[in-house]
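Structure incoming, see below.
Labels for the chains are A, B, C and D, by order of writing; each one numbers its residues from 1.
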Amino acid sequence: MKPIRKNFGSDNVGPVSPAIMAAMVEANTGAVPSYGGDQWTAQLAALTRDVFETEVEVFSVATGTAANALALSALVPPYGAVYCDSSAHVDTDECGAPEFFTGGAKLLGLPSYDGRLSPAALRAHLEASRAIGVHKSKPTAITITQATEWGTVYALDEVQAIGETAQSLGLSLHMDGARFANAMATLGCSPAEITWKAGVDVLSLGATKNGAMAAEAVVFFRRDLAVEFARRRKRAGHLWSKARFLSAQLIAYLSDDLWLRNARQANAMALRLAQGLVRIRGARLLHEVQSNEVFVVLPEPVIGRLEAAGFLFYRWYLPAGQTLEAGTASVRLVTGLDTEAADVDALLDAAVLEPAVV
Amino acid sequence: MKPIRKNFGSDNVGPVSPAIMAAMVEANTGAVPSYGGDQWTAQLAALTRDVFETEVEVFSVATGTAANALALSALVPPYGAVYCDSSAHVDTDECGAPEFFTGGAKLLGLPSYDGRLSPAALRAHLEASRAIGVHKSKPTAITITQATEWGTVYALDEVQAIGETAQSLGLSLHMDGARFANAMATLGCSPAEITWKAGVDVLSLGATKNGAMAAEAVVFFRRDLAVEFARRRKRAGHLWSKARFLSAQLIAYLSDDLWLRNARQANAMALRLAQGLVRIRGARLLHEVQSNEVFVVLPEPVIGRLEAAGFLFYRWYLPAGQTLEAGTASVRLVTGLDTEAADVDALLDAAVLEPAVV
Amino acid sequence: MKPIRKNFGSDNVGPVSPAIMAAMVEANTGAVPSYGGDQWTAQLAALTRDVFETEVEVFSVATGTAANALALSALVPPYGAVYCDSSAHVDTDECGAPEFFTGGAKLLGLPSYDGRLSPAALRAHLEASRAIGVHKSKPTAITITQATEWGTVYALDEVQAIGETAQSLGLSLHMDGARFANAMATLGCSPAEITWKAGVDVLSLGATKNGAMAAEAVVFFRRDLAVEFARRRKRAGHLWSKARFLSAQLIAYLSDDLWLRNARQANAMALRLAQGLVRIRGARLLHEVQSNEVFVVLPEPVIGRLEAAGFLFYRWYLPAGQTLEAGTASVRLVTGLDTEAADVDALLDAAVLEPAVV
Amino acid sequence: MKPIRKNFGSDNVGPVSPAIMAAMVEANTGAVPSYGGDQWTAQLAALTRDVFETEVEVFSVATGTAANALALSALVPPYGAVYCDSSAHVDTDECGAPEFFTGGAKLLGLPSYDGRLSPAALRAHLEASRAIGVHKSKPTAITITQATEWGTVYALDEVQAIGETAQSLGLSLHMDGARFANAMATLGCSPAEITWKAGVDVLSLGATKNGAMAAEAVVFFRRDLAVEFARRRKRAGHLWSKARFLSAQLIAYLSDDLWLRNARQANAMALRLAQGLVRIRGARLLHEVQSNEVFVVLPEPVIGRLEAAGFLFYRWYLPAGQTLEAGTASVRLVTGLDTEAADVDALLDAAVLEPAVV
């Protein structure tokens, strides 16, 4: 098997940030109360409140799928529907987890070019749906992904517009923040501004793609929606008996700006990568690079050279309405907290040069 | 708040075994394939095969509730029923997780004195149920707990008898092994003998109560039942992207007899505790102590002295048919890998002496 | 096959009352609005309001299983639990329908002698459950069966006591009224008194066992609980497009006291039957006969004579704590609107005489 | 309120065929075995076998939603996905019933112009899905609607092509035959040819839209898929105790060609309607009229005249890719067994003439 030079396949493949691993080791003192009665879990609650500048209810789980699906199950009844972008991870890559956790609610994926839901499309669909009455699942929530699946970031006024739409339509608003830190590193606003102040009711705050081992936080800004969430988490098998080890990860993540530092590094490397790739003849970016993902059309020979040189990444489907020029393909490249400038430059070199015999 | 002298409340409160923590730190190398495509996950599969001396399918998850409920969902259809002892954790303490994961199957709890299902009771109930036809959920599986919720251990011939019963009735057999290591430390047989050779189809192999941070393995001896289990795990949010950190815990757990060494320590301490307690006037054991739990009736003054001295434990309900003498109460004491002889002796001393002012 | 003399097996086997069949035929005029927009459905709403002397929300479905399971799904979240008597049809004879419709809630069957829940048992169980927190499904509702599965009837003050218990514990109260008319025919109070005035929130008002073809009404006295019930019914496939034919059955049922007249006939025949049977040497009633079911221990020779004479009925399990004298068995005999005195007397004759050659 | 001249709104609003009503009245003899142990249910099984010229398992339910959702629950696991046309009733108008009955499986709606799935689109989507592995729900079934939601009919070779595609891809094939009779009346082949001989595994055989009161049959051609279907029906509340009244409807429906006679009448009236409408200046059909539905673009003044004259019908959404000329709208007109030539001609007259004062 060819040795991997650098893995640009996903931000799921990377290491745990040293500070997070150290926090877990440090939390391994003797016996402490189980199931979240420990001091770390209390500290995480306080810290989350500080980060978001408001009272919140926060629940830790180990995976993003659990965070999203549990959050939606608190917002959407079994006979309900939730609007999302048609590219949304909850609809396309979680093997029906939202349907499972909600007891069979429907996901209504609305198409877009770059993963950002449009308030106008939401309004139009909802009006048509309401006319049909009980034959349609009842739209009750919206979920948006920040940063989106296409690596773009909703601007503050865009989230605000969706928040206002949700409120005027009587829908609750969930944000899938698997890459929330990457979005924050790009936006010039506070966590509070882009979430609850803009109308977000519940946030899945991701950490695993950005340095945690396995830790995500479900953050309820509308605390009334969190009633009995603890039971939902328990019966889904997502309550850890040694809960301190989830909390310790998230405390370290949110402390000393680690989450933002990691995200800034990943974002900067994605930008460096994009800026280099677009200089290649025949290459074109499919989306603006606003977080840590680069979607680019490349000539097949370029792709071949990169693969031959041991770089790992995936061929990807095209956004709606795009077609490929002959002899090209679309790929996705993802950077992470452990991507270095040298990695990017090595890839850019390999893209234009014949690979040396390895 | 009174300082805790020693926590005998649960084996969930304890620390992570140093070897397991070290294995997690060591697994934190650079980028590796995600979602179980890593070398640790492959190694765990091989190691589990070795421990159980047969081909198996093994799936890691973070909690015992997830392990049990996912395992049952692979055995029992939504219109099915699963027999368990009426004390079983799956029925009494998982907030309906089996019902959730199976899509609404029924748990049929049969009563016993000490947590051990009787083949005769199984047969009798099944025959009555079958006579009713489609109005009854279809019995399709049995789940037994080893060691039981009352700290007792099924002997090899007892598991074999249930295995034969299951086979003759056309039911599959699951073993909740949250404290499997504690049972193994007591039994004089091999893991293979007490599981698949005795008719067990699927085992929830616990590690969290016995030294892991958050790791349990669902081990399929009947590998045909594991088809699409990976999708069930994924949609339940129990597939870790950085799966190596689950696998690494379990590898360390099963290596160098760590699982058995931890369990032997806990069991020995439970026995020492029981032997001391029964010498107290008015004390009596409710069950034979065969693993790491002691269920005992104690005079209230004794309980008061222990609480005053800072020992943590829970008052517990009585097994069927038992009644309390006036001035006594029933309590549960649990030992763990971190319980030392000095802890036990301190408790025994406190039980008979007036507490010093702390 | 031996010809059946008379079927005492169940009240499910009987005919449709002529008045109900006539109403269906009469409703078969031309095109009318579908899905309940018709005049019959409006009339049923008004009629139900009159019968119960209060504002209600009423929804028709074709079966008792649907009525009960849908009603419970409106009261109990997936992480919830519902208390019932351990003999309750919802728990024992609906193949897990409540678990299916609620998304995996738990049924907690409390034992009794004659099918009547005791407030004291409810309180005791709830207190124990609350102490365990999120590890237990959250008790949220009680369901009682009127008349009970053992043919007994809750007295007015007994329902009131359960209603008060429910309210003081914060639980909602459902009544499975599959044989509500039989209970009403025995009780000396109004439908309003035994339901919402006594604390019942939702009633499954049965008609199928008592003269309808296939029609039951879910009657919400707490109308806030009916929000979105129409969607639950739709997605369960229980909204008829030609809804008038459900409504027409129930209108005829509730008109001109048909429901009570049918029930009185059945009850009177059960009483006649019981009074005759107890005169047989070796026979003893297991429960007071308060509706249309007779549970009786009979000598095997008597049972043999009845079977030989072509009477249909079932051998039945014993209530808790009962044992059988040698040479006897326990049977259930059910009367219906089509049971005549001559049928009962023929059975009583056959019980004591050798059967003639048929 | 304006009196309705004729209801072209839906085939759900019509009457019960006299022969079907008579059969129900006739079935109302005395006590017969409940839950399908009766002679009508046995006769229906034999008759269905005759109609389809093969061994089948047949189960009656009262609604099309129940028939479809139950059938899909027998084909698709909770972690599965089912392909359908994006216009399919199961996906758009059953309030999430398939998601409920399957325990959260996904419906994957593929777009088409006229409601007919394309084998090529199926293949392409499946290949893409398989590459993603456990992150995608597992495609396990296809459902097609015959006649389609747009009133078109799959030709025999088209169903065969989908059947072959299903088989080669390892998917099972369900046919939603809510208007199966209307399709049969158009096609020149046998029921056997267009179903199991063409690869259909399970058929929802509709009767309610075409003359029954409330009766649909789930017909399993692959009888192995019907295992435990009886339990699924029971726990969904769709097993009638007085099952004879479902069976009697379907027996009458399938006897003496009633189903085909009713459908031929409705189809003929739809054709007459379409032929008249296209003569109106500015009118154009959106789809070929092959069953009992007409989708047509009409000038607003025409629509206004029809509404003013008391004809009932619905404005409808456009098929993909269509746009409206200014001053026109799209409507759906549905005919039924009770539509007469005089009704159609009255509508056509009203369309071109100013309405008289009614």
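The rule is short, and it goes like this: a contact is a pair of C-beta atoms (placed from the backbone, for glycine too) under 8 Å apart; a residue touches a chain by one contact, two chains touch by 3 or more.
None of these values were measured; they are calculated from a predicted model.
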| item | value |
| --- | --- |
| Identity of the chain that, by mean CA position, is farthest from chain D | B |
| A-B or B-D, whichever has more C-beta pairs in contact | A-B |
| Separation of chain A from chain B, taking each centre as the mean of its C-alpha atoms, in whole Å | 35 |
| Approximate Å spacing (C-alpha centroids) for the pair chain A, chain D | 41 |
| Separation of mean Cα positions, chain D and chain B [Å, integer] | 51 |
| Multi-chain contact sites of chain C, meaning residues that touch two or more partners | 35, 78-79, 94-96, 100, 103-104, 134-135, 137, 231, 234-235, 239 |
| Chain B to chain A touching residues, read off their complex | 4, 6-7, 10, 12-16, 21, 24-25, 28-35, 61-67, 69-70, 94-97, 100-101, 208-209, 213-214, 231, 234-242, 245-246, 336, 338 |
| Interface residues, chain A side, partner chain C - complex | 35, 77-79, 103-104, 134-135, 137-138, 228, 230-235, 239 |
| In the complex with chain C, residue positions of chain B that touch it | 78-79, 81, 92-96, 99-100, 102-106, 128, 132, 134-137, 317 |
